[in-house]
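Two complexes are shown next, each including subunit A; its partner changes from subunit B in the first to subunit C in the second.
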Partner chain A sequence: MIEFSMKEAEGGTIIVRLNGDLDIDSTEIVEETLLPALENYKAATLNFEEVPFVDSSGMGLLLNVVQSLKEKGVHVMISNVKEEVQFVFELLQIPEILGKDTFI
Partner chain B sequence: MQSIISKGKNIKEAIDVGLLLLEAKKSEVNIEILQQETKSFFKLKSKEAIVKITKLEQNPNQEQPYKEEKDPIKLMDEFLHHIPDPGSESLVDLKPKPRPAPKSNELAGKVWVKNGELFCQSSPTHYPLVTIPDGVKVYRNEQLITEKSFVMTDIDFYEVQLETEEKETVWKVVMDPHKLRVELHIEPGYKITRSLLDTEPAQHIELMIDEKKETYNTLSYQEVMDKLEELRVKHGFHQNEIVKAMDAAEPGVFTIASGIEPIPGTDGWIEFQINTETQIGPRETENGRVDYREMKTIPNVESGTVIAIVHPPIPGQPGRTVTNEPLPAPQTIPISVQSGRGIAIIDNKIIAIESGRPHVEKRRSIAKVSIMQKLTHPGNVDLSSGNIHFAGDVEVLGEVSERMVIDAEGNIIVHQSVNMATLTASGAVLTHGSIIGSDVSAGKNNMIVTELGHLLGPINQDLAKIIQLIKQLMLSPGFKASDFSRGGLQPLMNILLEKRFKPFPALVKEYVETVKRNENYLSDKVWAETAKSLSQLFLSLSSEAISIGWMTELSEKLKELHELSQMPVEPNSYITVPNVLSSRLYCSGNVTILGQGSVNTKIYAGGKLTINGALRGGEVFGRFGAEINEAGAESRTPTIIAVPGDQKIYINKAMDGTSIKIGNVQYKFSETRSRVIAYLNKHGRISFE
Partner chain C sequence: MYKDGMTYVHQKNSDGLTIMDKTLKREINLARNIQSQLLNGKTPVFDGGEVSGSSVPARLIGGDYYDFYPLVNGKIRIVIGDVMGKGIPAAMLMILTRGAFRSAAETTKSPADTLTSMNQALYADLRTLKSFVTLLCADWDPETSTLTYANAGHNLPLYIKGKEQVVQELPKIKGIMVGGLPNQVYNNHSIQLHDKDTVFFYTDGIIEAQNHNKEQYKLERLVQTLMENKQKCVGDIEKCVMESIEKFTEGAPQRDDITMVLLKISDQKAEITSLNSPLMK
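Right after this comes the complex of A and B.
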């Protein structure tokens, strides 16, 4: 289950701090609350510092969020990914799917 | 010039003795100090002083200088015997000792070896020459002579150094990894001593060496036994070989213990109770003509006949290592028999439950036995008879006319010509008449299996990688496998197919579609089953939960199928026809054109291609080589003969303009050439034998 807090930064950028596991139980909150909340910004940065675990559904959600926001013109960045989670992302080539420059 | 070498306790004494011997005064001589005396407390290592005194030429009229010389030198010799010899033992000290015999004139200017020592006598007109062979060192006044030959004088000191060689016995005991053989490698020790051989006096001699080699084999029986015990060798000793090794004078290898190799067993097999030779076809008569009426046919069996007996494998006998451990014989494989139509298997007997032609198809250790029914069509196949689709052999006594189709699961035999028609057989195709403008395919099922096998290779490689990746993922600390129990592997699979295995669904799709398209030819259900599983896993987005165990099972099945598809099928299909014109022949096995030949036809032979007549135009391919009597066309219609890189092309007469292709290398004949045998050489170029 995941929680998030948002903070606006300069230039229409919103910074989202995620807290908890990005997993199958996060589907509802991500799709129904987080995604609509980001649609009106120019850019969004997802901070993964407090995300210790991911599962395959959670990664599916992430791909879905980034791609649908891109379609709406929102530039998404992902930051501070923990080493263990980054290892999982790389096994599945998520940086290649989203573009390597998405990760900062 | 008269000169002597003189020795003394010190330089002064040496000079004094020298002058006395020469009967000369100090002012009349030239003195050269060769060695300073060295003093030592105990006199053990002390060296005396040596000088060379040369009397300056004062009396050129002196007639016999040597005569006068004799006495002083004799005195010198005597004198030298009284002083202790400082020479080291390993050196042969060769002081210039003029001749033992007094025939001075004969020996003048000559050199010789006597009793292992080098002598010379110089003369005013000739200095003797000595050649040094390899392996011998000669020192002049303690200086190594580096030249191959040197001029010898009786005023210098010469020392000949001969090396003795010594080597100890070297041995080792080696056991092979299977512990079936223990070898003793031995190089016996030896000592080589060398001495100078006597040589007759001559103006020029080469030093000759005598070499004595003595062998010292110090290997002891106990040493070998200790080593064998260390290696835990308990079984199969060869005592006599150990004794031989101890006596060996030359380096050698002795097998001193050996185990017993396992005897392989026999794989399971089918013993036929009837004649199943399926290579039927027209035969060439003695006068070289082909008689199409002489057909060898297989006797049909009545229902109830025992066709064959299935024998289980006979296990081999285990062997035994030298360390007394059992060595298992290689695993024997039972033959697996699949009963096709009209066949029952009771106990170990294969029984026909229908009458017809027994058909056996073998791939490695899997045999499929079925009874082929036969349909004999008495007349022509044309619009009035309709197309023929039959699950067995089809024999047409007439001809096959335009746009007609014959489709048989067994063989097709046509007694007359085939015109603009399509013949497809799982077995062989045999015609007595020409084939014109038709499509003929034999062994299509085999070719489909080969094609599916090609597709399965990369599919299974990817599937194995996917399984490996999932396993790795589940061990990763940042990964939660919690959703696998709820949603199965599907969400993960979606991510994998997004990028990492993007080309994978396309491969699977091709496989699934090929299976579906050829369902009729694939009698084995396993092809359709795997196609269904693959499509469920990777093509549809079914909500059914998929487990990793299920994927592993599928991967095993694919691997088996892939291996099976690469095994040659026995017997293979074949196409045998007299002539062919503007057609396409496609066969998983051999294609043989017995009559005048092939004109403007495309031929693919999965086996060997043989054309007894002429090949005029068209493209032909023989997977296991091509043998053609005459190739090429006057009209210069393109004629191309192709084989894979490891095969040869034989052409009795290749007309100019004919092209051959071996592997990916092409060659075009620019002039007519006879008895061509073409192959790819090791540099990858086409060569002719």
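Right after this comes the complex of A and C.
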């Protein structure tokens, strides 16, 4: 189960620290709580430091979050991705899909 | 009281199930039967080798997909895929994927063309549904013993050499998952297979299978199992892999579907003509 905490930074940026596995059980939290909470910022950084596992549903949720926020004019960055998770991101070519500059 | 098709009376019957529970249960079972019959269809029989595939859903119904399609030139087209998500929604998209594969296989010349055509056909639907499918497609040519494959974000198959103690991933080839980006062009890569070689296609549900301590089965265990059983026929290797996973997970509930497809080259290369189309058993 995933949890998240938010902290406002300068320039209308919100920093979101995710904690836990990003999988199918995260669907409601991500779509109903996290996504609406980020819509009114200029930019959002998703910190993946405490996310040990992302499955294909989690990957879909992530793509959905980034693409939905982009449509609303929110610039999204993804940071501190663990090596194991990065491996899956690379396999699915998530950086190519979201744009390589999404990852910091 | 007015009732439409969506209204159910919550009345418990003798076995404690409401009418809605019973209807749902019945419909899920019917859906599972449809899926299992479509998945476990005919396996092609051909000279010079054998193929086999199996899939075990994590829930009642799954989102993994594999298929064989015999081509008129004697080649066999193999596909394995993993639809994002689980359960009924994934199963619905799996059926969509199957339809796209079957019609693309008929009209495309290579695995890469098949993936390009499938992405073309499915991209808009998958974006609307916020989903995607990873796929690996391969053509086995029994005449030249060549395996040609293309990849859309799927994990690479394992190549088990018949005459050496070596299990390794097939040479890497990249490609965006189907539904990821529009207008993708995929690339083919070919390798030459030899007598007794086996290629093991699979979905990540195998290496991510978990036991009660949340440890994963991992690639190392899979490689070990394949190495130990490589001399067996495809059906037996399949059973050994399944047994090894079951022994490791000790009945812990799984998060993802488990699917594998095996292609094994026979000991002696049979003489075949290019007009010899594979038969469906």
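Observations, loosely collected:
Everything that follows uses one rule, which is that the second predicted complex is superposed on the first by the 104 of 104 C-alpha atoms of A that agree within 3 Å, B and C clash if a C-alpha of one lies under 4 Å from a C-alpha of the other, contacts with A are read in each partner's own complex, and residues count from 1 in each chain.
Criterion: a residue touches a chain if its C-beta (ideal position, glycine included) is under 8 Å from a C-beta of that chain, and two chains touch if they have at least 3 such contacts.
If you're wondering where the values come from, they're calculated on a predicted model, not measured in any experiment.
By the document's definition of touching, both partners, subunit B and subunit C, reach A:Glu96. Look at A:Ile24: by the touch rule set out above, it reaches both subunit B and subunit C.
Between subunit B and subunit C, B touches the greater number of residues of subunit A. Contacts of A:Asp55 after superposition: both subunit B and subunit C are touched. Applying the stated contact rule after C-alpha superposition, one finds that A:Val85 touches subunit B and leaves subunit C untouched.
Of the two partner chains, neither subunit B nor subunit C is touched by A:Gly12.
By the touch criterion stated above, A:Asn64 is placed in contact with subunit C alone, subunit B being left untouched.
Once the two complexes are overlaid on the shared chain, A:Gly73 sits clear of subunit B and of subunit C alike.
Common to the subunit B-facing and subunit C-facing surfaces of subunit A are residues 23-24, 55-57, 59-60, 63, 91-93, 96-97.
The touching residues of subunit A, counted against subunit C in their complex, run 23-24, 55-57, 59-60, 63-64, 91-93, 96-97. Note for the complex: subunit A touches subunit B at residues 21, 23-24, 52-60, 63, 82-88, 91-94, 96-97. By the touch rule above, subunit C contacts subunit A in their complex via residues 82-86, 130-132, 134, 153, 155, 174-177, 180-181, 204, 208, 255-256.
Only residues 469, 472-473, 476-484, 486-487, 489, 491-492, 494-496, 498-500 of subunit B touch subunit A when the two sit together in their complex.
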